[in-house]
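Presented sequentially are two complexes of chain A, the first with chain B as partner and the second with chain C.
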Partner chain A sequence: MSVDGYLETLRREGRIVVVGASLAGLRAAETLRAEGFAGTLTMVGDEPHEPYDRPPLSKQVLLGKVPADHTVLPRRRPVDAEWRLGAAATGLDLAAKQVRLADGDAIDYDRLLITTGVRARPWPRELEADLDGVCVLRTRDDAIRLHHRLKAGPRRVLVIGAGFTGSEIASACRERGLPVTVAERGPAPLVGALGGVVGEVAAELQRAHGVDLRCGVQVTGLEGDSAGRVRQAHFSDGTAVESDVVVVALGATRNTEWLADSGLGAGPRGIACDAGCRAFDVRGIVTDDVFVAGDVARSPHPLFGYQFLSLEHWGNAVSQAEVAAHNMISASADRRPHLWMPSFWSAQFGVNIKSVGVPPMADQIIVTQGSLAEQRFTAAYGYQGRVIAAVTFDQAKWLDFYERQIEQAAPFPPEFTTVDRRPEGLQPVPAGFPDPSLPSHGPTVTLSGHSPTDRRVSFTPRRA
Partner chain B sequence: MTSVALLHRITDYANRPDPYPLYAELRRTPVVRDESGPYLVSTYWEIKELLHDPRISSDLRNLTPEAARASGQEHDPNLPPAFIRLDPPEHDRLRRLSMRPFGPPHTPRRVFDMHGELEEIVSGLVDGLRGRDTIDLVDDFSYPFPVTVICRILGVPREDESHFHEWADTIAAGLDPVGTAEEREAQVQGVRRARGELAAYLAGLIEERRRSPRDDMLSAMATEHGPDGQMSPVEIITTAALLLIAGHETTVNLITNGMLTLLRNPDVLQRLRVEPGLAVPLVEELLRFEPPVQMLPQRTTLADIDIAGTIIPKGASLYLMVASGSRDPKRFADPDRFVPDRPDNQHLGFGHGLHNCFGAPLARLEAQLALTALVRRLDGPSLVEDPPPYRQNAVLRGPRHLPIAFSGIIG
Partner chain C sequence: MRLVVDLNRCQGYAQCAFLAPDVFTMHGDEALMYDPLADDTQRENVRRAADACPVKAITLDYEDQGAADGKAGASRVG
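Then we have the complex of A and B:
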């Protein structure tokens, strides 16, 4: 049969399996149907819920403004799929083209899309993690549990880790009037993602909103009472804090364990794929029928030195899913690359934070507009003389411009005059990212030249 | 192509009923310098890019003296500029202070909560048309509706309308890049006089509201303190004048252009009658297809800017031709067709970026309610004259009169 004939048959009566029924999975399914895929579509998801939206979980849901079950993702079109929800995938047989499920079933596919995403990294000491009141926040059920805890009016909440999730949780606690302590190993909140200069602004913001922010400390232990409820946390500086709710916000782990023996290039940093979303196998050879998208994918980006980036960004999940779906049912000449601009946003302590590009790659930063002191500014990040990222605090309307600057590899520091340029921003300064060789709760963006089969990378939360 | 006198042709009244072929001509070169000096940008992506470019200023004090003279847009020394003509951080502070009593985050439901009140005003106006078989939509409906609304929101007595109608007209006409040097000078003088008189009127009103505040924006601006402090009296005057005029001169055209477009597309009119949900995308399409604001003539460059292969020098006068951008075939499929439920309709009708229309939520709601009520209650409406007589203004474009014949009022 000719290749074209195969493609036509695939589009008409092929079998496509999507493992991972969240944002990327759903958008991919919709795109498949929108582009004329008429075959069998099976959606596999380990959670029992239909696809829901995560950004509100750490914001409106914790504030009680939106019930957690009202975050179901809107459908762009009917996807006419068989939904296998509450059925985790446990294995993949590349040769037999089969996905194995926890309930013993096996599903045959002609094309497979993996969108299994990430899960919250748990507190590493299991006994302490099991204490009543120790929570994480990643899923809808997590959000329901944490919301109930906060509603019950705990005496104090401890948030471990001041990345975006941790900071948003702290913000929600303060908005609810709850005393909150934030423990951060780095010198400031958000430092892994945005660097020390912007991290200082985030620290000011937290303190101004009444957060008991402790930077440069690690939590050395959680202590429970006789009933197994968490009661106290001990810090590396010898201090302790009484707390009846502890939220562990130490980043995420990619859901790739189920692929361990599959021969796919999958590891703790995600599943390596080419710019067209086709997965690599362990030998570094690109597959024809296995595609990946969303948080679990790691793909090379030409604009950032072809480094493999894995991003936990909402917009990236959507656009990568669309590209993957398109490529799954297209001839190679019609395939498209996923040339997205990394971007994300956060809302905390009344401030809208947005970013484009890859800030952790930067060596320098300059405030191009607004003022750090007013907590309302735009900062450009530079790497070897070019603009590679920008961050805004309450100035998101300028971001399109900086995105173009990054796309065009514009010189850094910028030479032009702008509106709202203040004296304090005229000089670039070191961006203040932590030494990448030291582990950290981490940038949401992982930059790595490691082999996709490298499984020796491990999280070490209590390194001195 | 030659750029010779393109601006002159666009402002030529003879082309007012249909400027779109001129825009199509203009789009062949995304950036052209008009012989009179300004740079015209006419394509969608370039306009959008410039609206987010921090090297673009709305503050006319940044124009070179030659550019300022050529455009006739000199700064009025008597009154400081309103936030529409300021850059950050001053712009941001004033816009935030004005938004406090109007919209989110502090007053998120103000516009939404006006739904019932707006419907009442609309039905009152339509009821008043009973017993007639022809109306001038502009004078009988499109004008009184938004004026009543903006007066209520600001707290300006409706009975003073006759005074400020003339001031508003004069000030809006001042946006028009027309005429000889003498005509422009006369225009500038007229605008200054009108601004002065309007300011004096508002100053009195604001003083009154400060002494006895009511539930309106003028009172809020005169009495409230926020994290940004408070507006000075002169800042309240310029802001109130801006909102009053913007509330006057744009929605009138949106509603009138809308009804004209519906009467030219009877199938769409019929659809809107039975499908009220259509009003939402339909108004968006109107803002793309027949936008009240045709161009943004008040921008300048703070640096030399390279866009679409042309370098616009620092201090140049920049005209962003938003109505042209919204019909750019590189952005919109079949752009000269009116498609009431057009998908992905990110038009430039309200501008973009930090000067994005302040009153957009209100304008949208007003137009949705007005058009839905008109098509439902006018029995068998038809155009008396097509094209209708237009206003002189090429920047704020719309019919001066829109005579409509009908056989009665339903309901």
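Then we have the complex of A and C:
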């Protein structure tokens, strides 16, 4: 059969299986149907719920403004799928093109999309993790449990880890009037994502809102009472904090265990794929019938030195799912690259934080507008003389402009003048990332085109 | 009715908060908070808000968009 004939048949009567029925899985299913896939579509998800949105869980939901079951995602179109919810995939047979489920069923596919995302990393010591009052936040059920705890009026909440999720949880606690301690191993909150300069602003923000913020410490142990309820946490600096709710916000683990021994290139860092979302097998050869998208995927981005980026960002899950779905049912010449500009938002302590590009690649930062002290500013991040990222605190309206700068590999420090430039923003300073793992080559590409169909990569000479 | 806002796209213009204040509120100067399962009595307000959003950041369920293909092949859950 000719390749065209195969695609024609696939589109008409093929079998597509999506494992992971959340944001990326749903958006992919919609795209498949929107692009004319008429075969059978099976959605496998281990959570019992239909796809729901996670970002509100640490914001509206913890504040008690919206019940956790209100976050079911709207459908952009009917997906006409067979839903296997509450069913975990436990194995993949690449040769037989089959997904195995926990209940013993096996589902055949012609094309497979993996969108199994990540889960919250649990507290490493199991006995302590099992104490009553020790929580994580990733799923809707986690949010229900945590909200319930906060509503009961604990004497003090301890949040371990001051990344975005931990900081948003601390913010919700303060807004509810609850005493909260945040323990962070690094020198400041958000330091891994935004660097030390912006991290200091985040630290100020937390302290100004009454958070007992402790940086540069590790929690060495959790202690329970005789009834098995968590009571106290011990820190590496010898101090201790009494607390009856402990939220472990130590980042995420990729859901790839079910693929062990499958021959797919899946591991603790996720599933590597090419820019067209096709998964690599363990030999480093790209597959043509297994695709990945969302938090579980790791894909090379030409604009960022072809690094394999794993992005736990809402917008990435949507965009990559759309590209993967399109490519699953398209001939190679019609396939599109996933060239999404990394972007995310966070709301905490009343401030709207937004980012574009890849701040952790940067070596320098400059405040181009506004002021760090006022907690309202725009900062541009530079890497080897080009703009690589930008972050705003309550100044989101400028971000589009910086996105264009990043796409064009514009020089850093920026040569343009800006409104509201302050003396502190005249010179770049070190961005203050704890462990810069910088790639070795300079900017060689820029992006152009605005719609997904005409995104292009062009090679550009390296700037001196 | 279900909705979701792409907060990467949202510019905090607050049009939605004027048109459907029971569903969309500003939290601080720029952060938008909303109820992703708005009460059905809010349907018209929410539709108006989605139409008025200058960056088209608000996505409604196809059934609430009044789309022509809205009824084709309803999805099954369970």
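Methods note: the second predicted complex is superposed on the first by the 435 of 464 C-alpha atoms of A that agree within 3 Å, B and C clash if a C-alpha of one lies under 4 Å from a C-alpha of the other, contacts with A are read in each partner's own complex, and residues count from 1 in each chain.
Assume contacts are C-beta pairs under 8 Å (C-beta built on N, C-alpha and C of every residue); 3 or more make two chains touch, one makes a residue touch a chain.
Just so it is clear, the structure is predicted and the values come from calculations on it, not from any experiment.
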Have a look at where A:Phe377 lands relative to chain B and chain C in the superposition and call it first, second, both or neither.
neither
Applying the document's definition of touch, where does A:Val351 land relative to chain B and chain C: first, second, both, or neither?
second
For A:Phe416 in the superposed arrangement: first (chain B), second (chain C), both or neither?
first
In the superposed arrangement, does A:Asp53 touch chain B (first), chain C (second), both or neither?
second
Which of the two partners, first being chain B and second being chain C, lies in contact with A:Lys397: first, second, both, or neither?
both
Between chain C and chain B, which one touches more residues of chain A when both complexes sit on the common chain A?
C
Please indicate which partner A:Thr368 is in contact with in the superposed arrangement: first for chain B, second for chain C, both, or neither.
first
Those residues of chain A which chain B touches in one complex and chain C touches in the other:
376, 397
Of chain C, residues touching chain A in the complex
2-4, 6-8, 10-12, 27-31, 33-37, 59-64, 67, 69, 72-78
Using the touch definition from the top, list the residues of chain A that touch chain C in their complex.
50, 53, 55-56, 59-60, 63, 65-66, 69-83, 85, 314-315, 318, 343-345, 347, 350-352, 354, 376, 394, 396-397
Contacts from chain A onto chain B in the complex sit at residues 368-371, 374, 376, 378, 397-401, 404, 416-420
Chain B residues touching chain A in their complex are 48-49, 52-57, 87-89, 92, 302-303, 353-354, 356
